[in-house]
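What follows is a pair of complexes built around chain A, which joins chain B in one and chain C in the other.
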Partner chain A sequence: MKQKLTHAVRNLMRRHQRALTTLVLALRNLTRNRQRSLTTLLAMVVGVNAILIFGGYSHDITNEMQTDFVQRSGHLQIQRKGYFLYGSGNSAAYGIAGYEKLIAALKNDPVLKPMVVVATPTLQLGGIAGNFGAGVSRTVMVQGMVAQDQVQLRKWNDYGFPIAPRPLPLDGADPQAIVIGEGVARVLQLCAELKVPMCDAQPKAADPAANDAPPDLAALSALEGPAVHNEATRIEVLATNVHGAPNVGSFTVVKAEQQGVKELDDVYVAMHLPGAQRLVYGREAPQVTAVIVQLRHTDQIAPARARIEQLLAKDFKDAKLDILDFETLNPYYGQTNRMFSALFGFVFVLIGAIVIFVVSNTMSMTIYERTVEIGTLRAIGQRRRGIEALFIIEGAVLGMIGSALGVVIALVISSAVNVSGLNWIPPSRVDPIPLTVRVWGEWGMMVLTFVGLTVVAALSAWLPAKGAAKQPIVDALRHV
Partner chain B sequence: MFRKFALIACSLGLAAMAHAAADPKALLVASDAIRNPTKSFVLTATLIEYRAGKQTDTNTLAIYSKPDPAGGQYRTLVRFVAPARETGKLMLKNGNDLWFYDPSNQASIRISPEQRLLGQASNGDVATINLARDYRAQLTGEEDVTDGDRQTRHAHKLALVATTPEGVNYRRIDLWLDTRDARPVKAKFYSDSDRLLKTAYYRRYRNELGVERPTETVIIDGLDPSWVTVMRFDAYAWRDIPETWLQRDYLSRFHPE
Partner chain C sequence: METKPAVVIENLNKTYQLDNVQVPGLVDVSIQIASNCFTVLSGPSGSGKTTLLNMIGCIDRPDSGRLLVAGQDVSQLSDDALSDFRARHIGFIFQTFNLLPVLSAYENVEYPLVMAGIPAESRRARVEQLLNAVGLMAKANHRPGQLSGGQRQRVAIARALALSPALVLADEPTANLDSQTGSMIIHLMRRIQRKYKVSFVFSSHDPKVINAADGVFNICDGRITGFERINRNISA
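Let's look at the complex of A and B:
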């Protein structure tokens, strides 16, 4: 038995004798000038680290943005056809009637049940929020939502980030409660009551030359009593109902929440869904503008979407509904991803260029020093191709060792960063989140970097090696 | 004999009383006729706006109005006359459609209902609204009410409810009509959510176009009672208004004679 094994190994070695010899020779040549080899290795290690850590960082940013979007607007949204592109001008015209039936169908479907975490309705409308006691008002974008479902939406954290779900001030608050953006609170002069920062009382520029109102009008106005105003945080929201008539509701602001993006912060109003529906549909059957669906994992979007399309085609054919995923709804996501891909490609090319310079410099010096050796080898019968192969393999071995070391060190560094407790505030977010670099688990990126830089190192040895092999033998032998 | 006489007298008295108990629908129609002329007409309107006790804005408008033959809402073309920076601008109100035209850049734009929630556009229908067709009236009693000149008048109080949600801006209206002549004294306009949106006083009754009409309307905003608009109407005249004037495409070619 033992004999058979030794035979097998010996046969293997005999068949690949040449390759094995070349490998061993390359390794031994690399150790001839240890300092130079080590310096080159170091350059490669640093290069690999730069690529992997930047790549890990940008992956984390992407995943974190995805987590944010999925928490806010789910994976898929079901809307009326055309609402996404044209509905912002007249949301009441794109209402989904019978949405309760649709949500029940989504929740009870056997294929969707294991995938769907939350299915919740929302109503979005444009209106005017006014603090008429202070004589100020502002156009706003009102989101009507079901508070309990929104709390559930915010718990999604498939990538395991060390973050806590954002609290929802509407949850548990009374039906007339609303939450507004800090920009809205500033314009409506509710800064003091809602503790909004960066807010000075804006004096109303009264025209001193203006005439006073005649006393009879002042008296008639006084007959009406003061503007309805029990508590300081009570505001009115005006909207047009589905027939185009004005409608108004009274609400209490429980919190002013910073929304991150200034344009959104200046118009954001969130209220309970029934309140929003009463504004738009009054006493008629309430509708919604979108049904949000959140899945367990992002890669379930394709099968979930296919199943929902089947359901819609079967039971809800007349409703003319569309399914949109979170990437379509948030173009910012795709734009940021593309930007990071471009940056990653740029960094890769940059590092690749540096590796080329370093390795070809090293190989050139080595080749120059071994000119006599090359001449000797060729004199005793080694072909040109053999000389090239010798040096290319040396470069490749250097590349492999350097990349392998770089990957290991990158893993160590990323773990250190992940437990370091550093945090930062990404754009369009308000609170700081932990800084994480995702290298472990990104196998594709690691393999790509390893193979890529090894190839680069091998290639950068090729040109000098070619030059060396072309030299006439006699000149090489005579080289001092 | 005497009994027969008493019976006849009683029944006559009852009949007279029944006649005196007003029919809310008839009252409503009468009040509409007092406010709005029955044929095409023109007038000059002066709008004065007061906010928080100070006068903020004054506009003078030339109004060309044509009633809808089916008894619906008037179609109106409004031309801005003063102040000078607004001269020549036009607004065309056709049911729930409101078009605005600016001659300086030849642009006409439709103003959506969302854009009419605040500002003078929200006051337009309070003055000219035709109630009888779109509202069902109920007489809730008689009471003393303060009118626009802060005098007390004895008035019928009518509770109006919109019969159809399409094309009406106010779901519910409280209307006070003078008991003597069905003159509108005061009106309160409520939204679908039963919030007071506008209060209107009709005053300065003058004889215009053959009827004693209220030539001044004071509109007090329900949400911000310190915002008061006074609309004064003068220079009433019957006028045949061509159909072309009330088309949106004609706005750029409109010329007042």
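Let's look at the complex of A and C:
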């Protein structure tokens, strides 16, 4: 047994020594034609940088999108079954009764507590907003919210973007205050009052009598809430209540806010939750259309969801509730992710192909120049596989050095970009944010690029190496 | 006691194809090369001496005939088996030295020992012994580019002897050296051949090499045309 072990150890040491010698030979051979090696390395460095910088940039875009979605709508939403697909036109039919109990259960559950940052109700409803002073109105999508919770939602920044949370105009505002999209403000002719840009010609109402809402609406409005303070930005919001009857509320627009996407900007109305609930439920018990759950980290979605499912099955069985994650709620996120993945794959394949050609060309030239050396090595007893291994290792070493240099330079470039102070406006955002390229921390991408291109470089050397090992020894020795 | 011949060749034939023309390289060659001797294959350029040396060195295969090197019939060995056989039994000295330029003199001599899996201690002892034998211990760390032609050939001799082969083959070993260095190399090889009791086979038409030989096979147009016994133990 001891003898076998000794033999095995000796064998291992011999192989180790052979591999080490081959590696030394490969490294030294790379210095023989420095200019060629440097050119090859430069091509690899450029390739690695193209992959990592683009990959880091696209990761930042998708992470930024995720941050935006999570700040707006949380990681998970608990809704009535069917609301997501069928409920947007009839929110009254998909309300969650007793939602306070559900939120309390989420906040107090010992499993969820360490994961949940915010659990807040929201009520979404469709309606008509009218500036009857100007004789204009339009359909809108109203979101009723708890302002303080929304402020907390907007603070989520798990990827550490150098951005400050967007202020929420509703926070601390009057109960009758609302925020509307700039598109809504334009249609309702509130541009001057709300300082909305790109808002030139506005036909003013000709009849001063039209400054008032129709008498029936005014009466309804008076029933639903206190009088508004600012007549200049007063609008009425008409909605269908839970019994299918019209209901109207009078509100003061405190700010017109760009929503990034025009379709949303043209319908967006945000108000305090009680105001929205009064429109739909009147004096009946208020309900909401969703409970937004924001977690500390995105990777907690699966365990949080599993736990919420347990809670719903146990204590809210009759409520027929469903849990949707932010990717389901925002299909655009998945589509963008897939688009960038496809682009990244394309860039990777393209760079891989360039590396194949460059390394293969370099190795072919190297092999051609060292034909006599190959013949000599074969003559003194090197097997064909040994010759192949020698050049494949040379290719791999070239790939390794090129990839490592590329990774280091990509880190330097990305750091320079991150501190450069450049700004840009990404899709679905309205305000500029610092341009960032996230390479540091993207370990998976770095390892994939390093290993991938090293393997590609080694494989690029394989074909010429195979050809070199196959040639007759006497022909190789005669090579001039 | 009669010693076994280092090489036995029977009816060896080799033809080369040059475009549409068949060129005979070796024609029905049958010789025996004695062990522990200094044997020269001599003939004009294109006579077939290098071809015969390549056959003996197992780096080229004959079309027909039988070839025994160090008692082993090498005709049927696979490529890997032939590589291993060359590593164990045959040393090569080339006209252009053919050292690995990125390795030092020491590393060049050590290379066959590493490939054969010789332990580090034994390797060191063997390399130092050989470099001392060729008088290059002081230049052990020099790369071939830093050595003269004669010094490079001495390193090549040391490398050829690294694994104590039965046979050392040298193709025109003095052709790229000046006359004085050539003579020195011949004397060195002769001394080493005697010291290590190894068979040396040369292809050469250098009179100095021929004069130092134990026996000379003359080749012309791929045929053995004569044999000159200068010393014992050689037969045609």
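Simple rule for what comes next: the second predicted complex is superposed on the first by the 435 of 480 C-alpha atoms of A that agree within 3 Å, B and C clash if a C-alpha of one lies under 4 Å from a C-alpha of the other, contacts with A are read in each partner's own complex, and residues count from 1 in each chain.
Assume contacts are C-beta pairs under 8 Å (C-beta built on N, C-alpha and C of every residue); 3 or more make two chains touch, one makes a residue touch a chain.
None of the values given here were measured: they were computed from a predicted structure.
Contact with neither chain B nor chain C is seen for A:K101 once the two complexes are overlaid on the shared chain.
In the superposition on chain A, contact of A:H7 is made with neither chain B nor chain C. In the superposed model, A:Q382 lies in contact with chain C only, and not with chain B.
In the overlay built on the shared chain, the residue A:I473 is in contact with chain C alone; chain B does not reach it.
Touch criterion met: A:T240 reaches chain B, while chain C stays clear of it. When the two structures are aligned on the shared chain, A:G130 is found in touch with chain B, with no touch to chain C. In the superposition on chain A, A:R278 contacts chain B only, with no contact to chain C. When the two complexes are superposed, the chain touching more residues of chain A, out of chain B and chain C, is B. Of the two partner chains, chain C is the only one that A:R28 touches; chain B does not reach it.
Across the two superposed structures, the residue set of chain A contacted by chain B and also by chain C is empty.
Interface of chain C with chain A (complex): residues 54, 57, 59-60, 79-80, 83-84, 86-88, 91-92, 94, 96, 98, 100-103, 111-112, 114-117, 119-120, 159.
Across the interface of their complex, chain B is touched by residues 89-90, 126-128, 130, 132, 135, 137, 206-207, 210-213, 216-228, 236, 238-241, 243-250, 278-279, 282-284 of chain A.
Against chain A, the residues of chain B that register as touching in their complex are 50-56, 96, 112-114, 116-118, 122, 146, 148-150, 165-171, 191-193, 195, 197, 199, 201, 218, 220, 222-228, 230. Residue ranges of chain A in contact with chain C, taken from their complex: 10-11, 13-15, 17-18, 21, 25, 28-29, 31-32, 372-373, 375-386, 472-474, 477.
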